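Down below are the structures I want you to see.
In what comes next, chain A is part of two complexes: it sits with chain B in the first one and with chain C in the second one.
Coming up: the complex of A and B.
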């Protein structure tokens, strides 16, 4: 954003408030992390620490945070602390607390007076009004701590006193599911600790504009941290679960490689999961070779089909076409293609291509359909790349008396190549993982016992179309399709893996392929950018 | 009047083309156009003779490339542009064409029938096909996904574009892009083996798999789209506007909240619209996770109920072995999806265009 940073002009005695605020922050962070742990069942909810279960401790954490916030808020209000609060916490905070307190009121009414009473409506309204007024009518240091503290204290108290415990079940009438306390308590503590963190961060920075900034940063930072944690978890799950399957029978020197001409056999790394076929009688360790080869053919065909079309259209739109109705139509069509759901492409392939090309599922149709999906991506990225070529290049070329086409061919397209290549690689990473259209136009048997032999299947025929390719016109498997058919098929044909184990292994290989492509794409982007900046 | 204007414009353009292009090149263009037209017509009727115009096209182009390279190149790039539009036109045409039979059979009941499950999909001897339960399912999963993805996505975008120190940004941004690259079937597999089982074991859901779990997973998948597009929008806000605010003594957060976000608001909403479109069109995760039972939860927002089917999942799950009216009904589902997503995409483009106009005006 900007390199301007504030310097701490207000360096009065604020150690006490900072200390208490730090305690609140630490407690709420610990509560946040532990709650997720309980929710994900990494921490058993019956674990006892110092004679209290984890759930009780979470309640205690809420209470501690509540007390800390009350102390900071009241001390600041009594001007014992060096803070700079605004006259009010603001309308947004008031609205949020209104909603929060009305939920609390409704819950209290239904638990105290029994479900089914209509009293929860006035209770919710009254509590909501009280919450938002408490937040807006008081000075900021009170308005943004006390309402939070009350919520935390109520929740924490209910947990500590055993009003809500692990066995308690909330079964609302509108939901088919019921929510046991063992899951509800951590969820509530997560929400509570976010609130406490916001309020504590505000207090730490002494309220006012700085405090609001600190509060907002704390919330947003936690959210982004959570997002990255989700990403890490996803990848972690796949790697942890898939690694064993993928490495079954693998060894560094266990295999043998016969050098073709010489006829000598040398030790070679064995990697059966990657080099074996999936089905068949004599396979000891079923592998994903047919699926990998199928994915390679799909990607190859899609690139051959989509890249010339996309780059050509990009060149036409930027170099030849005048801005007008036509370019607008193309733009809308491109964005439309880009956002069209993949399954719709599959339907189109099924209706238009399948009956005209192969009469059934086939590699060729799969290639074309994925090519259609890749086309808008290639067009958009290469158009951006062509537009980014500086006009001086074109002018300089024209000034030398070079024709327009020569300029495009020898100046514009080469200069736009890096961007296009990066876009294509990233696009390929995307279609390599695409499954939905393949279900309709491509997929073959769930456990293929041979790899598609596309190169060796070209044959000449006396009838039109004179050249045929049996393999190209038959169904095959691809990595994402293999994963889908493994999940949905019943029992895995070999005893060595269960369906799930094989699925995790396939998912890991797929993830490696996609991440590999992605890394190459990002790497080439960085490489070309650096090269551009050097010149 | 307007038509005559465009006609004169066209004839003017035709005359320009005629005078600027050599006769041989014109003949070449005509010949190529002819090959393409014949080839497409033959392919359309499913003739094996499509190979002849294809070879004709290739040889003509090869000759043209040697003789009139510039004109051939221009013609070819024009052809690729037309092909791009043509693909979309063909998709629309074929979806509508295949939807026609079921629409004739069902009328508007196709979209609004609300009877009990057996008379919704394939009932009465395969004559009743109604998409209503799937539309409800799509709406439920999309709403859940949006509730998950929109606030988190916007927060992530603000973080990446405004708050993060450069080094953190270098780490977070590729991470989020990578999240977009993980195949949807992988998300589905994790959802099936972990999320579904978790919900079933802990929350006593009636079936393994429900709208809540699927919506949650789809929301996580839509997250990166929202972050990336919203971040683009935030970073198009001119630096001068932010610097002005900072120079007035406001904090970074005040600047973000009161200057950057309002200026980029339309871009952020475009991002959310795109994210909603992604969630709506997401197929594989939902197909794997849902139970494929069709019906209406009661009350309608009971996302844990034992029903689970959306427009995308029904196509993916049944498309492989459907025929006749059943197939036509699946195409109708495709049309509904296409129209909804297209609407979202076009409106997000419009919103973005408005934002660019506005920022340009204020600069």
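Coming up: the complex of A and C.
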């Protein structure tokens, strides 16, 4: 093996360095993934592979990466590799390694020499200085590999030699928490593998400007990956916890559907959790239909209220109002309104709207309060969108003798529509999950036995206001409100679920409703974009 | 292709040289601006002054523009020729800082007075801009946009319910204007496609067709070919010459060869917003009276 590598090195073939760098990258990626698995206990830390536990293997991975980095760094320094390093790794790298090495020095001093302020301070300072100097004073190929390799080797060595194992507990004096080795080791390996990946990516691209770019991309890529992983974890967690509840009693053909006019009954998917009411005497599987319908009515009412107002205000501010103090004040006020805490909106609704409109909690007041919350975002985004409509369109329209209002209606607003819808999508995501104001102005019994029948409750009266709607003025339940009630209530009234199970099921349905609303928004935005642009 | 080279050379030279002669001592002789033509004046401009804030952009310009002809406005950048053009359909009203004094008459009727019907004015005096600016709508909707907004074409659900659907009328209008703009053969199979999918030259011809759809008498063009390649430019130039048989065309251009090729009479604006010389195109290009105009035309300054 070594002779093969030597000849390859002597011939100055850069594929060898790429090969080693690839090994480093692969090892660090594997270490990264496995560590997360261990941290979340998808992989049992006691699992043994080829006679070694997973934790030991993670230590070995760090050691392998360290050796690989040393080989690449030294070979490059001896000009055996086809690399283009800069004279120094740079100040930022030096600062990072200064911090890393000083932490390492402090840990070493306390572990080997016993705890004592007198000892760890000079050790930390000395190590920090050494790390930062090693990174900055040497050429880049040494400066960005050797300091990493030393850190990795120390950590990996401590793990492999059993200095730190699963049973080892770190209980720092300054904290009441204690960290068992089974959690600490994966965490350390995650950090170490990020370092190794950065250094390995730099080495693979041959250091220099290319190397820095590759290193940065490796870090950014990992961060993006981590972000997606967090999102996936969150959704996955809710799905795992809520799926069983949501699918209780569900079957593909267990239900029946009677086709209205014909009167024929055919098998139909049964989905009791989504189609049943929550309370009521004869409900076997309590469902979330009333809360789902309540949420949909809330969102619908808020959008109907906020979108025309917001777009209208945006058009007025951009097309008609003089740009000056007034528009500035409106802008500041709008931004302030958007960041106002939702409970304040709720309190306003409770004190101002409830006594004037329904005298108690009601769907209508909930819609209005959420509409107030949605309004500023719709205003901000549609204003941006209207501003972004090219002036050429307005000129062309004016030159054809078309009035300003007609221009706004048939050219400006359609062209601003995709931007407006983006704002509505963002806002709907927020208000659909809003709980605090609903507690004050909207919520009725948490486990309702009937669904709000808004459409069927319109009635004509001989006296003003001539049209009434009882359901719109009554309280109802919404998914986030019901989730809150379920969690804070001690016992779920039906035996079939515990309140935790019911809560997870509700959360999953809420997630699906919000995703569904997103899909509707994205679809309509796509529709308007298609209309505006070629294909 | 040699045509294009000349154009480029010409534009480059006009960009490179600073307008030093703008401060020359030459006095402008009012006689240079006199242009005798037979027939009626379509547009008659009298002592037109334009200020943008403190800047005096156009200084007491007077000229008569004859009917059914091509009038070219040439001059270096910032000389006020586009400002002058935009005064002819009152597009300068849209600029807050602009102040216009003087008189412009269209067929003997003053357009700068209270109570002027801007919709009617702009229907009669159409405009085509420097960069093609079709709406993000279908080709058909671009052309029928003006007539629909003016109520000359009724379409849609309400019109259909009332039995006043003008789809046929619209089709005729679209075909007529696209043929006039020499675009019909290229787009007649995709009238419902988005106009933004056309090439730059096609878009500009669509804009001309759109301007023709309101049935104008005068067509103002602000450097209509400057954003286009030589082949598209040649098409637009041919089109302008054809349109002059029916319409009064006023075209601003940076390109002197273009002015010489297509126009019947040429007005030369020089720095400071002065109209220096106005005459037959042949006279302007072969035997100008002003030394500065001659310098400008021969490329000694730009």
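Rule of thumb we're sticking to: the second predicted complex is superposed on the first by the 426 of 535 C-alpha atoms of A that agree within 3 Å, B and C clash if a C-alpha of one lies under 4 Å from a C-alpha of the other, contacts with A are read in each partner's own complex, and residues count from 1 in each chain.
One rule holds in what follows: a contact is a pair of C-beta atoms (placed from the backbone, for glycine too) under 8 Å apart; a residue touches a chain by one contact, two chains touch by 3 or more.
Computed from a predicted structure; not experimentally measured.
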- Message: A:265 in the overlay: touching chain B, chain C, both, or neither? Say first, second, both or neither.
- Response: neither
- For A:251, select first, second, both or neither according to whether it touches chain B, chain C, the two together, or no partner. neither
- Counting only touches as set out at the top, which of chain B and chain C does A:398 meet: first, second, both, neither? second
- Touched partner set for A:15, first chain B, second chain C, both or neither: neither
- Could you tell me if A:410 is touching chain B, chain C, both of them or neither one (first, second, both, neither)? second
- Item | Per-residue touch tally on chain A - higher for chain B or for chain C | B
- Message: Using the superposition on chain A as set up above, list the residues of chain A that contact both chain B and chain C.
- Response: 403, 406
- Residues on chain A engaged by chain B in the complex (per definition of touch): 1-2, 4, 6, 174-180, 182-183, 209-210, 212-213, 216-217, 219-221, 223-224, 226-228, 230-231, 234-235, 237-238, 308-313, 315-317, 319-321, 329-330, 332-348, 350-352, 355-356, 372, 375-376, 379, 403-406, 408-409, 426, 429-430, 432-436, 439-440, 443, 463-467, 480, 483-484, 487-488, 500, 503-504, 507, 510-511, 514-515, 518, 522
- Item | Of all residues in chain A, those that touch chain C in their complex | 390, 392-393, 395-403, 406, 410-411, 414-415, 531-535
- Of all residues in chain C, those that touch chain A in their complex: 89, 91, 94, 118-123, 126-127, 129, 131, 133-136, 145-146, 149-150, 193-194, 196-197, 207, 210-211, 214
- Note on the structure: Residue positions on chain B within touch of chain A in the complex are 43-44, 46-52, 69-70, 73-74, 76-81, 83-85, 87-91, 94-95, 97-98, 151-152, 155-156, 158-164, 172, 174-179, 181-190, 192-194, 199, 202-206, 210, 212, 220, 223, 239, 242-243, 246, 250-257, 274, 277-278, 280-284, 287-288, 297, 299, 301-306, 312, 315-316, 319-320, 330-331, 334, 337-338, 341-342, 344-346, 349
